[in-house]
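Order of writing sets the chain letters: A, B and C. Residues in each chain are counted from 1.
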């Protein structure tokens, strides 16, 4: 359904995302993991055609045959909010403070051709569907009268309004309280058609997704079914990431990956993880290809 | 904490520098006596020792501009001085006691004074005492007090919640000590920026007042009055309006740019507090 | 909202009263007896006393104030000591002229600033946007009366297209009325428009960085559509405050521009009053102008509350 093939993202001469390829089938829930600076959010934004000014995408991405990259804005406009929707990280600022919540939900429907009255009615229904209590009342509220969790539900209602084929969530729960987080994740897993879920939190991916794509330095370093990748990581970066996140019985964290993520454009050639990898050899100065069916990885000296 | 030099700062500084230099130079030298009336040189064309020509009384325009710069800066310095000396303590007090009645009173009176623009104050003063440089300076100064008080208050509010002030208060330092040792040094840069912006406004106000005859009295040259005198000759000798007009614009632009540049240069921390225009 | 409105109205009333006390204290309680001034040095003490009674200046200051201030609401500004004619009707005649001047100037400023400021913000990365910013910076440095003189030079002296001054009442000749007001409006509006352009630009730039604009685009709006539907109202919140300040500035600017273009407005009346040392007239005009400034502040505050639900 969604297929991304050789996606690149540039900011001027700096390549922020390189040759990213993956696919999502109908109803499939895929996690896109990486630290900040890994290019995961840019990947998502390029699928929406919402890259910041001065940043451009190239390569190919299609959603059921509709091109998402390299097509004019006026064609993308028709897909955004209808065929593919997105929920952002920061619910506190993502809604227009001067507009009633119901109107903001209805807007995404009228924009894609639904009559106003019908959109209004359906907005209330949607607010109920994302489990907001007393949706009629919420529809008349302004964003500042709602909590962060409630606002994120509103964002989800907006995203679902036109029954899109793909939902993209970029760290949708990072800004929320732990208890609220859990409910939100369950809700997303339940209502999402097909899902691309972006996060740095392995536990969250494990609870929501079936398949995972691991990004580092703007590249896909490993991808596969979540159980396999988590129990048997092959790329050394994934291995380190998992080790760092796993808690010892006493609750102390294992040593994290040495060094820190380089700044954009500062990654080494060859394997991008080379300067932090304990297993790096001369061979790693050549770029490893992403190989393997189902469970794929790009590493000269894989673990396991 | 200082930043990099920037274009606004340099341009503004250069323009202000030109005005200040002209004013300073006028103390020791002007091409001609700017107040000397000489019918023989009436409307003398530019050139021949009269760089920019002479007006209907035969007074040298260039010399008048130089001394006019002096007048402008003099009024500006005194007016901004009045505003800073009155407004800063009021703003600091209001900022240090944000919930007290004193703060409330200060800000209310501030709002009231704000409703009296410089021109109205000057006209009132002029109607009663007769207008001159002094009434103009007082009027502009008093009407600028609210801007200083507001900016000082906003900056003080921010400084009061910083760790070092909280520590000083915990250590039992009195408000006087906190105000002089912590607040004033930290809001200084904001006040300097405000002073520069207020200076630009003071120049505009002074020009308007002397244009209306509520400022510096003749024969002391002033840009505003030069403009007023030029108006009747606009059909025949437009250059008489051009030069003082340009001088005003250059001075105002200079101080505005200087204010913008200083804001970027001096203190990025408090940049959110905008100078009041 | 109602509670807020009532509270704000009370503040407005109190401010106007306080301003009244300030103006009265300053103008009326001064050395110099209007009766003596009116009659000259050769007047008999009896005549002076009689005139004093007629003026009412023999009564205590508080009574005089209440008399004067109480009359204002009904348009009674007292009777001039100099011309012996009532001040109120004179002010009334002129108020309309000044109001037309100020509102027209504001309209010009808005017509300039909203499109240009928005354009400069949207194109803040390219030279045209930067040029608009620079031009507005330069415009700020030009006082309104200087703009007036320049406009007269260009349109009246050189092009001979518009009158250099004077005022024809609307009832006499609408076309001439309009022709006479074009340059004064432009003088006020161009300069304020330059100032306002900067504020509109920075407000729109701030809004453009807001997440909800990205949300709007994610819904399927184009960049400009999102800005139009979600940005401009948000950007107008800070701009409204500036507008209020500008209206006040324009009111004062009008005093000077009326002098440049010989327009019989409040400013002209005020300056004539000063020239004639007609203190009661000056007092009245100042009071009207100050009350207008306070009223503008009131309207701005209320508008602000209407625009932003977070304040309700």
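Some notes on this structure:
In this section, a contact is a pair of C-beta atoms (placed from the backbone, for glycine too) under 8 Å apart; a residue touches a chain by one contact, two chains touch by 3 or more.
Everything numeric here is computed off the predicted structure, so don't read it as measured data.
Between B-C and A-C, more C-beta contact pairs are found at B-C. When every chain is reduced to the mean of its CA atoms, the largest separation from chain C belongs to A.
Chain A and chain B have centres, each the mean of its CA atoms, that are 54 Å apart. Centre-to-centre separation between chain B and chain C, using Cα means, comes to 22 Å.
Separating the CA-averaged centres of chain A and chain C is a span of 54 Å. Contact with two or more other chains is made by no residue of chain A.
The residues of chain C never reach two or more other chains; the list is empty. Those residues of chain C that touch chain A in the shared complex are 125, 210-212, 214-223, 229-230, 233-234, 237, 307-310.
Within the complex formed with chain C, the residues of chain B that make contact are 111-112, 115-120, 123-124, 126-128, 200, 204, 207-208, 211-212, 227, 230-231, 234-235, 238, 241, 245, 248-253, 256-257, 277.
Chain C meets chain B in the complex at residues 15, 18-19, 22-23, 26-27, 30, 137-138, 140-143, 145-146, 149-150, 152-153, 157, 164, 195, 245, 248-249, 251-252, 255-256, 259-260, 270-271, 273-274, 277, 279, 282, 286, 289-290, 293-294, 297. Every residue of chain A that touches chain C in the complex is listed here, in rising order: 48, 50, 53, 73-74, 77-82, 85-86, 88, 90, 93-99, 107-108, 111-112, 142, 144, 155, 158-159.
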